[in-house]
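Chain nomenclature is as follows: A, B, C, D, E and F, assigned in order of appearance, with residue numbering initiated at 1 for each chain independently.
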Amino acid sequence: MNRPSGRAPDLLRTVSLEPGVSRHAEGSCLIRMGDTEVLCTASVEGRVPPFLRGQGQGWVTAEYGMLPRATHTRGDREAARGKQSGRTQEIQRLIGRSLRAVTDLKAMGEMTITLDCDVLSADGGTRCASITGAWVALHLAFRHCMKMNVMASMPLRDHVAAVSCGIWQGVPVLDLDYAEDSKAQTDANFVMTGNGGLVEVQGTAEGEPFSEAELLALLKLARHGTAELLRRQRTACGLG
Amino acid sequence: MNRPSGRAPDLLRTVSLEPGVSRHAEGSCLIRMGDTEVLCTASVEGRVPPFLRGQGQGWVTAEYGMLPRATHTRGDREAARGKQSGRTQEIQRLIGRSLRAVTDLKAMGEMTITLDCDVLSADGGTRCASITGAWVALHLAFRHCMKMNVMASMPLRDHVAAVSCGIWQGVPVLDLDYAEDSKAQTDANFVMTGNGGLVEVQGTAEGEPFSEAELLALLKLARHGTAELLRRQRTACGLG
Amino acid sequence: MNRPSGRAPDLLRTVSLEPGVSRHAEGSCLIRMGDTEVLCTASVEGRVPPFLRGQGQGWVTAEYGMLPRATHTRGDREAARGKQSGRTQEIQRLIGRSLRAVTDLKAMGEMTITLDCDVLSADGGTRCASITGAWVALHLAFRHCMKMNVMASMPLRDHVAAVSCGIWQGVPVLDLDYAEDSKAQTDANFVMTGNGGLVEVQGTAEGEPFSEAELLALLKLARHGTAELLRRQRTACGLG
Amino acid sequence: MNRPSGRAPDLLRTVSLEPGVSRHAEGSCLIRMGDTEVLCTASVEGRVPPFLRGQGQGWVTAEYGMLPRATHTRGDREAARGKQSGRTQEIQRLIGRSLRAVTDLKAMGEMTITLDCDVLSADGGTRCASITGAWVALHLAFRHCMKMNVMASMPLRDHVAAVSCGIWQGVPVLDLDYAEDSKAQTDANFVMTGNGGLVEVQGTAEGEPFSEAELLALLKLARHGTAELLRRQRTACGLG
Amino acid sequence: MNRPSGRAPDLLRTVSLEPGVSRHAEGSCLIRMGDTEVLCTASVEGRVPPFLRGQGQGWVTAEYGMLPRATHTRGDREAARGKQSGRTQEIQRLIGRSLRAVTDLKAMGEMTITLDCDVLSADGGTRCASITGAWVALHLAFRHCMKMNVMASMPLRDHVAAVSCGIWQGVPVLDLDYAEDSKAQTDANFVMTGNGGLVEVQGTAEGEPFSEAELLALLKLARHGTAELLRRQRTACGLG
Amino acid sequence: MNRPSGRAPDLLRTVSLEPGVSRHAEGSCLIRMGDTEVLCTASVEGRVPPFLRGQGQGWVTAEYGMLPRATHTRGDREAARGKQSGRTQEIQRLIGRSLRAVTDLKAMGEMTITLDCDVLSADGGTRCASITGAWVALHLAFRHCMKMNVMASMPLRDHVAAVSCGIWQGVPVLDLDYAEDSKAQTDANFVMTGNGGLVEVQGTAEGEPFSEAELLALLKLARHGTAELLRRQRTACGLG
């Protein structure tokens, strides 16, 4: 079997996480996974959305966007069309949910952190890269808050990282790029913590339904891939 | 363990599928799962969306809505707010994807079938009920097309049905109602075919991450539940 | 003369009003007039819109919607299009106005009741059916408020019900269904109280202008029809 | 009885219809009824909306707007708010329907005339003034088309004009201004043809329901008022 | 050289400023420059936008609109399209900025004045006419506030007026009408104060780039034209 | 005088233009002027907007956006708000106009090039940086088209670059950063060609009006600054 990218089935693309790239944001990270490139910024605001007011807890939320020419053919600018697509909304809900899963919202106090994940270049796996990069931005923003003495301790309880896997010509493979993703029979995103716990599993049959055994094979690859991503997060944050 | 509904962990709610309820639609089904009630209609149109024109294949798509007072407290009417929520869009994308997974789009010819899933009463599991009920509406609409001689054979290759499962106080349980869903630690939706294949798996940790073993326990329950739903679909369609 | 429905000129369609159909709403009624079917729910909220704050009075308002496949050919979902049509807005303004005409807003206190009228099946006369059914939902919601001790007395001063009439091949006929409505020369909606007073009259010439005599003939039919509808409302509400 | 305006019950306000006020429009009329002032323009376009294409008939439609400071306190600009209110849509639908009622759409050929009715100053009765003024603009636009040889004969079969009447302290009065309208018990708009036929009747009880006798009294006043308006239309169009 | 209008290069069109034309607005002016006609109203409101609250200063802002048939061919109604064009927004930002440049916002107290500039007829130069006319409306509104004792002194520090100039067949000309504007090589708008100071300069090359010398020639013409407009403003306001 | 940035009055910020940064776009350039950073991409499409069809000419247009955290405090995402601000629309109109001024649209054939200018980091002068960077992206896209043989010759007739100048504490200074811009008395943007011609001049008095002499002093600085920017464009494009 030769997957289009020529990588071994269990090999991630070249990954880099560059922390602190934003002049203004309290935390930021530019993540590259192969030709996918996402700028993640974390913005701190000293209040919470209306539905949480007065409850002594914080909030973490995310917004996702793609520059019109991040893709092979230019897409419409969502601001010009006047609304975000269903896909955009689905992705930003996933990112927010994934990060809240490892955050102690009580420990934040009444503050909101908004993660903006903007895709500068897209080559598959942008939602997973957004989660992995946003964790770094969030970590750095919390560190900033601690340094500014607006938070007493780090509200992040664990890492969270994500990777997509798929079945390509019958073989489970890790970290699909766009060419692979568009031809995979099954495609699954896994969001996992540093302890190996599952935060989100999203598997979709593109053609034939998939079996329990296939789901487990993909999960095993994902576990392998996120372990590497978690190491990169630690390095990017100087966590030794 | 006593789950709020008092049901055994592997027991579905009372299910009913009433076919042919719509005066106008080519196919329809009113599905009730406990107090959740969804009206599913299938509308046939003799053309395909622009991105498919001239390719000799059909399209199946879905729209989802909830009446403002389907829920405990009245929600905003999406038509009045001027846009569909991210949740609505995510659900209708899931319904469409699930039905297309068991449809032979080539066999349809250049026709579109739109499934409208409108929640008249909500008590948890509305997206799963929508998929299960929409399959019946779609089957009936295809039968109508065959009877009208606009399709030569049945384009549905298999059944598809969905059920949610969750971990409630440490115990995996089947078919969450709203009270259970809002307190479950983990919540997963499974979309499965008549052959037991997986079409979609969506698992989300609401609190603590979940383990592979827990995912498999939920999958086992889902397999049990969908088997029953598939029997109900056959009965509703008079498939013996 | 044989009108398309075969009914005598002064005969209503088969009418039924089913109260209390909604699991969640404080008041509800499913009204059927022939093949027209409207689900009416009344939702109580303990505050008034900004323009009424601090004036010690309540508010009654309505929203109207039609399921996409309530009609012969599927219509666009207004939530997906991003706005309500002019027709929808005109109808919901009429429903709200009609109900306020028989409500003692002062006696309500600073509360709002929203009537949602959602057409499950359309065969002409949906706006009139909405008014007639919404009155029952409103009455039941007020009773609920009295039982909860948030209102001291019933704020409804009278019944209100509505019916459409038209001139079909020169003959005034009562309660047009869709087939009749689309061919009527003149079409008029009458909203009347239990005392026989007029709340709204909306007459429209579809072809030739109509005369004063014709307007009066239609009014006479409407008086006859609404008298029957008022009896059904009393029965539905158990008012003897 | 002294109505606020001091006018006799059956007296119109000072009326003027100034034809040809627009530099660009094919037909136009500035109508003043007391302090209500509406600029009506008719724009001719050589095609019809999609739903009429290829049927060999024309279309007449209307749009209505109000300058933000036409009213006592400044209203929001609808273009800035991003949508037209329900009231605006209801009015423009009424204007279009009224004019189509006296137009032979077949005789127009495949052309569309759009009537823009923009309220420069509002003091009650803007929808009625719009109809009366728009008829003049439409007549002049049709004359322009005949002169340009794009229409063989005048497609207008009759005049149409409108006036509001109301019951003020128990007395039926003609042509309500804003001060009268806001205190009237009942308020009715009548759209009538040159032959005295009724095109639209819209009666609304603002407080107590009204009776058949009251409706007839208002209709009698309207007949008197529109007769005068029709004379003014003839003069404005030089019809002798 | 014969410019299309036949005017001498340094000649304004026929100008008139009619103050006090609005029945309701606190200040108003109908300005005509040739066939361009703009109704300017100033509306006073006793509060400021959120970003200025509690700062003890006022705000002056503008909105701009064009009636659909103000132009040669009918344009879409922005309220119907659901948004204001980029051009509209650019113009209303310019009008607001120009008026604020000569207003002592501190002296206003916490009040907002909104200038509505609605183009009844367009023949070029509508943004400049709007500024010139809006100044008169604003002056009159401030006088009204002083008379009502809500302002102690006149917050306007100077006049402001605007005119467009352009290069037509190589010759700098003043006050372009539509025919001239659409063929000019360069087009520039100048907003100037009574003291001859510049508030805004906006020069645009339509074809070939323009030179510094050409810019200065246009500025000279503008100085000449605005001097005349300032005299008309004084007359319209009765400033002797 | 010491301007906040410490630069000499006629000194640009550190400028860099990095060509070819986008994996997908036919032309691209990342421009940095100090801490302002704009990603410019040029996308080629083989058709023109409806208003140009069949005229044998091309079109160049621009869209502008700012990442939410490009600024000191996070701004709303325009896609989420559902519309582009007036500022955004004004800027993208300016960019498009500036580039069209040096493009031979006839020489393009019926093709459209869309320049997307997305601000990754904002520190003043983003619209000017966008124009300067977009020229490089456009040049590279045209070269791509020539290489692909879809254009016979280079449609760009000249360079275009832009810079802002302002009067800071009475002294004219070049290339304002955000801190300087927010305190400048007058602020002007100049768009100039390689031949020194003016394409756009936009001067605005922030406080006191400015004089002709001041306008000329700013223009002189701009001429100096754009000369340097043009050299950088040539280097970035390898034009020797």
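Rule of thumb we're sticking to: contacts are C-beta pairs under 8 Å (C-beta built on N, C-alpha and C of every residue); 3 or more make two chains touch, one makes a residue touch a chain.
Computed from a prediction, not measured in an experiment: that's the story for all the values here.
Shared contacts of chain C and chain F, meaning chains that touch the two of them, come down to nothing at all.
Between chain B and chain F, the least number of touching-chain steps is 2. By residue number, over half of the contacts seen at C-D repeat in one listed pair from A-B, D-E or A-F, namely A-B. Averaged C-alpha coordinates put the centre of chain E at 28 Å from the centre of chain F. Per-chain CA centroids place chain A at a distance of 51 Å from chain E. Averaged C-alpha coordinates give centres for chain B and chain C that are 33 Å from one another. Contact of a single residue of chain C with at least two other chains is seen at positions 82-83. Of all residues in chain F, only 22-25, 28, 35, 39, 41, 43, 45, 63, 65, 67-74, 77-84, 88, 114, 116, 118, 120-121, 123 touch chain A in the complex they form.
Touching chain A in their complex are the following residues of chain B: 83-87, 89-90, 92-93, 97, 101, 188, 192-193, 195, 197-205, 208-212, 215-216, 219.
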